[in-house]
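Before I ask anything, here is the structure I am working with.
When the chains are written out, they are named A, B, C, D and E in that same order, and each has its own residue count from 1.
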Amino acid sequence: MEALLEIDNIEVVYNKAVQVLRGLSLRVPHGAIVALLGSNGAGKSTTLKSVSGLLALEDGEVTAGEIRFKGRPLKGVAPEKLVRNGLFHVMEGRRVFEDLTVEENLVAATYALSGRKNSLNDSYELVYDYFPRLRDRRKQLAGYLSGGEQQMLALGRALIAQPELIMLDEPSLGLAPQLVEEIFTIIARINREQGTAILLVEQNAAVSLAIASYGYIMENGKIVIDGPADKLATNEDVQEFYLGVGGKEGEARSYRDIKHYKRRKRWLS
Amino acid sequence: QDKEPIVFGGSIPLSGVFAFAGVHIHAGLTDYTSWINSQGGINGHPVKYVMEDTGYEVDRSVAAFKKITGSNKVPVYYGDSTGFMKTIASELNSRGTTLMSGASFATALTDNEQYPYQFIPGPNYSQMFGIILEYIATQGKDGEMPTVAFVYSDTEFGKDPIESGKAKAAEMGIEVVEEIVTKPGSVDVSAEILKLRRVRPDFVVFHGYVLSPINEFMVQMRQMGLDTQFMGTFWSSDKLIINKMGADADGYMGVMPYNYYDSAEGGPMLDALRAEAEKSDPDAGYRPTGYMQGWFNAMVWTEVIKRTMDAGKELTAENMAESLASIKDWDTGGIIGIPVSVQDMSFPVGRIWRVNAKEARYEPVSDWIHLD
Amino acid sequence: MRIGDAKQSYEADEAIWTSSTQKIWFALFLLTLLIFPFMADSYLLYLGCLVGIAVISTTGLNILTGFTGLISLGQAGFMGVGGYTVAWLSLNTALPFPVTLMLAGLLAAAVGILVGLPSLRVKGLYLAIATLAASVFLHFIFAEWESVTGGMGGLSLEPAHLFGLTFQSDFAMYFIIVPLAVLMVLAAKNVFRTRIGRAFIAIRDRDISAEILGINLLHYKLMSFALSSFYAGVAGGLFAYFFRVVTPESFPLSMSIFYLAAVIVGGMGNLLGGILGAAFMTLIPEVLKLLTAALTPFYPNAPIFMSPMLEIIFGALIVGFLIFEPHGLAEIWHRIRRFFSLWPFRN
Amino acid sequence: MDWLFFGEISLAGLAMGGLYALIGLGFVIIYKATRVINFAIGEIMMFAAYLFLTFAGGMEMSPWVALPLAVLGGSILGGVIEKTMIRPMLGESSISVVMVTIGIASILVGLVELIWGADPQLLPGFLPRKPVFIGEMYLAPKIAYGFLIGAALLIVYLLYFRFSRGGVALRATASDQAAAYSMGINVRRVFNMAWVFGSLAASLAGVLVAATGGLSPQFGAIGLSVLVVVIVGGLDSIVGALVAGVFIGWLETVAGAYLGGEYRMPATFAVLAVILVFRPYGLFGTHEIERV
Amino acid sequence: MSSILEINNLSLSFGGVKALQDVSFRVPENTVTTVIGPNGAGKTSLFNCISGFYKPQQGTIRYQGDVLADIKPPARAAMGLARTFQNIALFRGMTVLDNIKLGAHVHMKSGLLGSLAYFGAARREEMAVRKHVEQHIIDFLEIDHIRRQPVASLSYGLQKRVELARALAMRPKVLMLDEPVAGMNREEKEDMARFILDIREEWGVTVLMVEHDMGMVMDISDHIAVLNFGQVIMEGLPAEVQNNPQVIEAYLGTSDMDSLRKKLNSEREVA
């Protein structure tokens, strides 16, 4: 079956000089949660930006390969058209409109519905139902929300847009453990209740592999391994480098006794 | 002709705030040059006119001066602003090669100590005020002196004659009932007009403007039912006022040392000027006062150079300044209606003209006034 | 990249010229500056002096705007303070020019500090307008304080003098202006090798964090204002000696904009850029005039037609530069250098 | 004190202030959406006024046809400027963009000189000439009617920003372009519209101001007064532009009348300086959020 | 153990928002002390109070026995209070080396004149700083290969490391780290943990840290304070904190990915 999002062999270059993606491919089936993991600078955010068309704003360019959403190639489609077509990108670092109030942030997201028939008021309520804290702060400037609340707002905006695919870039960044849990539970709920597919970029491998059905791991602009999430979670390298499980007995390693040397990653060989 | 050419240099404001006059000054100088060459040049020397655009900015004028004098021997030069004339004075004095005049009628330049090599091709601004006040003094009804208000721009140009104008008015017993300073150009002057409405002067004298806000004062004050008479100095007495204001300009008066291009008078030089203007640009029709001014400058230069050469002297600034000072009862061939004499490096002569809007021209309302 | 990046000592590594090739080039450059006045005609000499003055002022503005991030539209006003100081001193005292220029710089610096005071609270373009306000006041003072400034008519100066020598011609002024410009640029370069320069840049990049890291914002912002207006004051003083007259209209707002343009076109936060920008902006009208002159034989009306074109080209250059080369002339310069240092091995 | 005189002066000032408010509005709209301080606003006004001159003077159209045409022309000019010269500057520092607008101003002045020449001009009178009296107070007719036309546009704009999503899109775009894109906001269109509508307000004001004060290639200098207006009001505040516009117009006129014309600018700039010290973001501007 | 920093009854509010209420706790000398707590609990605000960027409405902060109240932020930095920021706050226009050298600013004295001339004391001082930075900081944090790069071009992890280097150049007595490993993968977190431990042990610096990664917090902290809604709800050893029901309730949650997965799965099945 044709997947909702298909990325085939793309290459991305910034400033016509720095190549960041080198033939990356991945696919997100309808209604699925797919996790994309990778170390800092591997190109995860770049991947998402090349899908959502925001790459051009940073002087980046997809130089090879193809990206298809709902079977149609995305090349040359303006970013706002994509959003209206059901592809929503929650950017790294939350990016709420700081000098707009919470509710105005949601109003801004209604632009994603342009050209579609929808009743707006309901969707605000939907957001407030998922995130009751936002209801209390609806008149407050988003810039003064705490990190977790801003992340909730960012997700709330995605909900307003009623997309078919949400791409989430590090939603757990800087969130307290309990909030991480809360956010991820909500993400799972949104996926389940709204049928929205989710492409999840995360550093927190444990939680993302817990929620996703399929996972990709990238290094240096390429996918190095992929597989069903529970399989990945048991892979030795994934355990060592992403989950912090390792050593002899397969137990969690302590940060206290880290050796002053580095192990080589097998997939690099 | 194989005699060495004589160079007329010029810093000309073809752009910037003074460009409206600069382009005509340029035309006047260009046409005079081709006319004098058609007359065989100056004592057989052909004349070359070398100029640069300055944008009416002092440093660009200075640059133009250095550039032109750097690659030519330049006995006479046109300066585009008072600021430039003052700035270049020290250099001019130390060089001693060049005599300068130009667009400025600034009073300060008549100071021979400081500016020995710069002259004014007409009355200076204070002298213009003098001419205007003398005219006003004759207009009193029932033996009472009329009252006057000065309206001038907030610039060096605008403030130039105000002090001496006030002194002169006091001397003559004319009361200056209001003084108004504004920015030049497009400004809202309703508040100032309301002030004038309170004092109801018989005359308002404008100085330091080209067009706006003169029109606004006139139109609004007349709407208020005042019968004030409006007057202006040289650069405020161009045909522009008639062209732009139309019927509203009727009755406006200006002081002008030269005949207007379309004045009823004639004379050999004025006819030559008209012929040359016609020849160089047949479509132009009327030529503004800037054109007359440029032409007259070049005429004076020619006269000075000729006198110096005829006396067998070198063309140094000092010799030329001497020749200039020697000009007495000079017949300008109709450019100025009476013979003129140089005093303190200026030609303190002028006449009051009045707008006849129907005919779309200025008509003389006074005789030529020569101040002593 | 040049090879041989390894240095013997930190000292050598922190030097302004880190290789002997660089030193040779700089010496050659100085030599050219020295020979120039003997070869140039009066017009070129005049332009040389003008560029020198512009370099000093632009460097000053670059310190404030390019390096400290405080946008100023008051540069012409500060230059005016310097210019009037020199003018007044030359008329009322017998002080030699090094002293008058120093005083011009110091007085301008004091005014700069005063103007800089709101900078702790007022930021960005709001600050730019505050400095604009300052230049409006200064213009007002120049125009109205007649007993000192000569009012609208301004002041005419005595020529610069030292040890009985007077510096009247452009040729003589060149030997004041250009060495001073070189010295002042080097001094600015030094500042950015030390804690003070780093503090300026830190304030530009993130002022709040800088404060928490130990930089007293008010102190350094004012220092930047003072330093920048000192440069402006000296440049204004030289301007006064050079033109030998100052009027309120000698230092118009357009001049502030001119210097800001020079900084931006040259490359903000780059001293070399400031120099290139100053030279470029001063010379570009002259080049365009040459073009006009070349056209005049064919179109006698060229001057009239070209004058508005000048403004258009001038504006278009600024716009074009910023669009196509946002890092300014400095960036172009680096590219050229890279090209030649790799040449003939291009990649 | 002559209260009637004071009243008349104030009235004249307030009416002029209304026009300032209109220009300030044009300025603020552009700033709000694009974070561009438009130093070329005076020149855009000038361009529209020259267009009016051509339509109503040269081509002898009825002023009431020429006015909308000229305003339309000015708006299109704004749109073109945005598209060709501002858009490529996306993401550059605000000062670079300011410099671009200064460059644009120079280009426009050159164009105007090239097309219409350097002579100062007067617009054909199209506003009624009958003096307007409010009670005993005299008000120049041009100013009174100019004010009314300007106020009408102001009200339209205010209603739009109050009752539509447009205002939110504008601010969202200003706050974070990339994020605005990702909300489905057509950022390029918002930018373009901001310039078009900002220029529209400025163009209308341009024709009205030129109708009272005359026109020349130096007309754009009025931008300086407007700069004071928007800074006092707060760069991103529409209400600020209104209040400050009227206030500065009044202050300028009163200072000019009582102290003399040379005090107009210093007086308004003094007020500006005082306001900046006590309210660094103007009377109604939003504070930047400062957190570490 | 004596405490180097003592916070007593600190309260801070922004309009209606009470960021800190009556917060008291102590930072024992030469420990790694961690402040944890939900988002918006006031952790960063607490740091800002200590740095002097926020002025608390009530309460005192004692540093080495002295009350800090009227001391401005730069002076506090000079006293040995160094920090990093939650959202990386490097100076993007400078190279790595200059960023680090900037940290030493407070310990330098040269004035404007010396600086303009780059001569004498000013120059010697610069050299000394350069040497110190090179030999003790750059080497230690293993960033010698990037010292000439502009910081803007660095990856996130390296940027955090440069920020740490800059704080070290301030010669801190108390080093405050605001979420030092947020956004890092396991490997990079391990590196950072090692640096933090070394800094405490080898340099004798007291580390005060805010962090959400419980794995690391529990492993390397000596002392933990828990903030919730601006109030300290407990203080103690890692093990005590980990098992405190109130902390679990307010902050930690289940902290167990297996159970989360089970929970999610079961929800999925129900649906």
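Everything that follows uses one rule, which is that contacts are C-beta pairs under 8 Å (C-beta built on N, C-alpha and C of every residue); 3 or more make two chains touch, one makes a residue touch a chain.
On a predicted model such as this, the values are computed, not experimentally measured, just so you know.
Common neighbours of chain B and chain C under the contact definition above: D. Each chain gets a centre from the mean of its Cα atoms; the one farthest from the centre of chain C is A. Counting C-beta pairs in contact across D-E and across A-D gives the higher total for A-D.
Spacing of chain C relative to chain E, judged by their CA centroids, is 42 angstrom. Averaging C-alpha coordinates per chain places the centre of chain A 76 Å away from that of chain B.
Centre-to-centre separation between chain B and chain D, using Cα means, comes to 37 Å. With centres taken as mean Cα positions, chain C sits 49 Å from chain A.
Within chain B, the positions touching two or more other chains are listed as 15, 19, 23, 154. Contacts with at least two other chains are made by residues 113, 262, 292 of chain D. The set of chain E residues touching two or more other chains comprises 53, 85-87, 89. By the document's touch criterion, interfaces exist between A-D, A-E, B-C, B-D, C-D, C-E, D-E. Within the complex formed with chain B, the residues of chain D that make contact are 2, 5, 8-9, 12-13, 15-16, 113, 117-122, 129, 131, 138-141, 143, 209-210, 212-219, 221-222, 253-254, 256-257, 260-262, 264. The touching residues of chain D, when paired with chain E in their complex, are 292. Touching chain D in their complex are the following residues of chain A: 52-54, 57, 78-80, 83-84, 88-91, 95-100, 104-105, 107-114, 141, 143-144, 157, 161. Partner chain A is touched in their complex by these residues of chain E: 14, 17, 36-41, 86-87, 155-157, 179, 182-191, 193-194, 197, 212, 214-216, 219-220, 250-255, 257-258, 260-261, 263-264, 267-268, 271.
Taken in their complex, chain D has these residues touching chain C: 37, 85, 88-89, 92-100, 102-114, 224, 227-228, 231, 235, 262, 265-266, 269-270, 272-273, 276-277, 280-282, 288, 290, 292.
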